[in-house]
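Let me give you the structure first, and then I'll get to my questions.
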């Protein structure tokens, strides 16, 4: 049977169409802020087209992600960690923990022996704005996220910015720029700050295992952040390709059950 | 929607309680016109002065936050422009903001205080409490020490502390007599000590009944009640009566399996004040069939509990409750009885400050599945060791959820939607879905 | 190419009725903010030209570009300018400036120039920091406050909001004023949380205008609290980028029960103009001419 | 001068060296009301735990919403910077520090630890008795730990050493009253901070010859504006350095890690512990302990007058609740007396540009000529 999952994120929308455990098609699009409902339908239609299917062919659609309540055409909604957990188990049967780093949320999901969830840790408000901080810094530095990721990949920066709060961090970054610190250095400092934040959330309750922890979510594509995080936490993350689709995949798998 | 497992019905005593609360509020507003002294603080012995009414700013601030976001906002601003930092307890900021504005929520004039007797408490905000009215207009302020120390209890160490507290109390009483020319009535004090000892058995019973499944009451009911003991000092007899009535009704509810939440299938606990402007999250949790059986904070009237060696859940004793049976003849006896044999404060807060494990006992005794522990970013006593408790609780298999806000009485920076999302995540990740949409 | 709602238009202008060759002293001021940079050229006591553009990552370059655009096609060269003062977050990077002065003094003088002698209180609504300044005599500062940390970066918040609601940043203010009654402000102005806050409001069925209103009201309220700390007098003026946002200014006026003074100049220029004026005063001092003199001591607040 | 700077920078190394040299124990403490004399009399080195700026990704696990200082102290403990500390003392002060104390002990349960209750009601008639009995308990605890009794002459010696230190520090501060002082705010502050992590006898030596050197020093001419600094405790001199680069000088401070630490002496009496208690209950109070009689504003005004400051900087740590609660009164008093002041919050990192802007503006507000200089 054919099922689908849609991940309505803060920054981007992801859709996955699944047939008997095989991915038929993936679709991604920028989440249109408040017009999320409309843009989601667009992405959904494109994905259907890519899979050469009619809406009728899909027996069940499940939505997840922070904007899941904004889309109308789905049968069911599940919360993000549940979807992440499902996807992680599907991709890596041995996985014991899945970490999802997104635009403004970090979710650390500890998996139990069966498909149950032992613990979920989400960042508190003041630790929010990870992806968003990077985005707005990229804007300030006048580079794209990819460039920023490429430039800031490397050893820990000598300069440091506040790692507690996005706004302070930016303030510090401005000060650095003002003292003619090279862009790369600033970018690296900001990346480090983000890594510090994420790591402190990894430390929050159950420490993730070094070997069997899966890393998914939009930020997992950002090499610089991931490397900095590996350095800090000493965790050797398992990162699936198409990591940003994990949520949608999980939702689709749930729909199949 | 699924069939309810247990019958639910509103608490009958509640109406009576409402009346008493209204009366109390009135008695505060009319204090100045009746030429009655109004004291800022919360003291057991105020009863000794016939013409002295006591008001603490906590309930006021909480009420404001709960009733009107707008007014609370304006009050906080009134305080902010005078230099109040965001770290200041939200209750105070609301209450004193209203003082600076000079009127209350309903537009009636603000009841200005005539003197300040801060209730000693381990929370630093309490230590400095009541300075605002003192700095605003020159009124006397009296303070006691609230001894604290870590490690095992040491009665020798506490001798000096007890003497100090007895001395302070007597001193304050004499000062009030001197300054305001009021006569202190020892008889009433002695009587009230006995009475105050009299409330707690009922309160303790109520607390104990809540271990029953389904829980006869929920956090919401407790929050309506737990201040009553403090509210109606003016008539201790009445207070005891209503607590007895409550006790009996709850007992009856237990016998007939009357539940607070019809579909109770998940029990969770709290620690410390909720966001008073956002109490609807209790109802929201009920959609999952989850009931909040309270917190050490809301079971406070019953005094601190602990698990006895024989495994029963019983009050820890100490404090004045211990000594009410001793003969009380003089003012000093009464004061000593109030302070009791233990000078080290042992209300809910110290239990946490001294050993973060206290909540574990509570969790076990009330068979909770989860705990929601707020992190008040700028609250002091409300945040200290909260994270530690979370870790301890998860060690005994209780699922913990933290959410972040600014202050219990302060709407700023509490992201309600994020909190709702977190509640969903928390429930679903434990395999629970909403019972009805 | 997605539309960048957060981007506000850059601008430059040159006076047509001034012949700079005839003027006695030409001075300039350059204000390098975290988000925007302005350069201003003044001939004697009149505004000759300005340029206002977005600050890049390279402050040095931004300063140069701004100055270039200000000079524009007027044929004026840097060497014609007698004295240049730099100000703003990136003031040290105005390589061609002889001196740097803090924004607060510059805004005070600039606002004095723009709003005239009546004005007593200036509120600078900058992108990264907000400041409320109380003046006495002509350009003396009696008292000033800057926002505390959690009220920082409001300009950024507005940009994020524009992105999120897909409303061009210049239109936000007007659209937010379409509501008949303001809803309660959102609980926080920090841009890191803007997303969930706004989404929540939409979920509760708010209209676009109402979400904007709730958000801008929150910002206005924050600023209100800050301004209150200098005990403002009613002759007040708003400068800085956010002053162009009628949604904020209007609500601020309502909350404070005051109406701000108006001026034909772009409020964003205040800093740069002030810098240019200070430059002029310095030259006058050098020439031994009398500048506005400092009369008496601190007046009683 | 530089030596104080070095000690402060390498305080961990200093303490380790001290341990190796004397074979003695080192006690870390959190709060300004810590009765140093008793510890010193037991031959132990009391070291005030100071924060530093270090990326922190470990404390969120156990702490939330704390001020940067308390967080960072825990951070350093977990990261092993304080591995040489043999015990922890918390003399009751603010709850954030109590929290740091508690949480650190949960991480390192085997550390010797003691909690000294310091009355909140410092003016109380019987408070001194409580304090005295607490010191007695503390003394016994120390004796039990070290295994050797603390004699009266030990106490006398300790009191003497500490009083000397206080007198010398007062001497240094006295130099700052001159019209253009020979010593800068940053230097003086470094001295006080260093004195809180050093063996006082050694410190006194260093102080003596530092004072000699100071007297034949040329004062700096470019720091005309005299500022007073009040607010939360600090552990670095960034702010002082900053204002000095802007033509001002901090001539006096009212900070628990600054002047308040050494301001008053122990007045000897037969009951040594009582003498010590009276000293601590009579010291210039921190915002938290300044409860009933509100001595703090008067003290601040006194210093302001004595040192002829032009303006006051109030620098508060974010989430430092005692000062958050005390500020309204301070503002009120300063306004009434028409004293210009500027208030701002600092965090783990001191955002350079922002602070520079504040200070530059404040300084030129006090001395408008600077704008046209």
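Just so it is clear, A, B, C and D label the chains in written order, and each chain counts residues from 1 on its own.
Methods note: contacts are C-beta pairs under 8 Å (C-beta built on N, C-alpha and C of every residue); 3 or more make two chains touch, one makes a residue touch a chain.
Predicted model only: the values in this text are computed from it and were never measured.
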Most distant chain from chain A by Cα centroid: D
Two chains sharing the most C-beta contacts: B-D
Distance from chain C to chain A - Cα centre to Cα centre, in angstrom: 37
Centroid distance [mean C-alpha coordinates] between chain C and chain B, Å: 48
Centre-of-Cα separation between chain B and chain A, whole angstrom: 42
Multi-partner residues of chain A (at least 2 other chains): 66, 124-125, 165, 168, 171, 174, 178-179, 205
Junction residues of chain B, two or more chains touched: 83, 86, 375, 377, 391, 402, 404, 413, 415, 418, 421
Residue list for chain C, restricted to those that touch at least two other chains: 89, 128, 148-150, 152, 190, 193, 196, 199, 203
Chain-level touch network, classified as line, ring, star, complete or other: complete
Residue ranges of chain B in contact with chain C within the complex: 69-70, 73, 77, 80-81, 83, 86, 411-418, 420-421
Residue ranges of chain D touching chain A (in the complex, touch as defined): 53, 55-61, 64, 347-349, 351-354
List of chain A residues in touch with chain C within their complex: 10, 30, 32-35, 66-67, 69-70, 103-104, 125, 128-129, 132-133, 136, 140-143, 165-168, 170-171, 174, 177-180, 183, 186
Interface residues, chain C side, partner chain A - complex: 2, 34, 56-60, 89-90, 92-93, 128, 149-150, 152-153, 156, 159-160, 163-166, 190-193, 195-196, 198-199, 202-203, 208, 211
Touching residues (chain side chain B, partner chain D) in the complex: 79, 82-88, 120, 122-125, 127-128, 131-132, 134-135, 141-151, 154, 157, 159-161, 163-164, 167-168, 171, 353, 356, 375-381, 383-388, 391, 402, 404
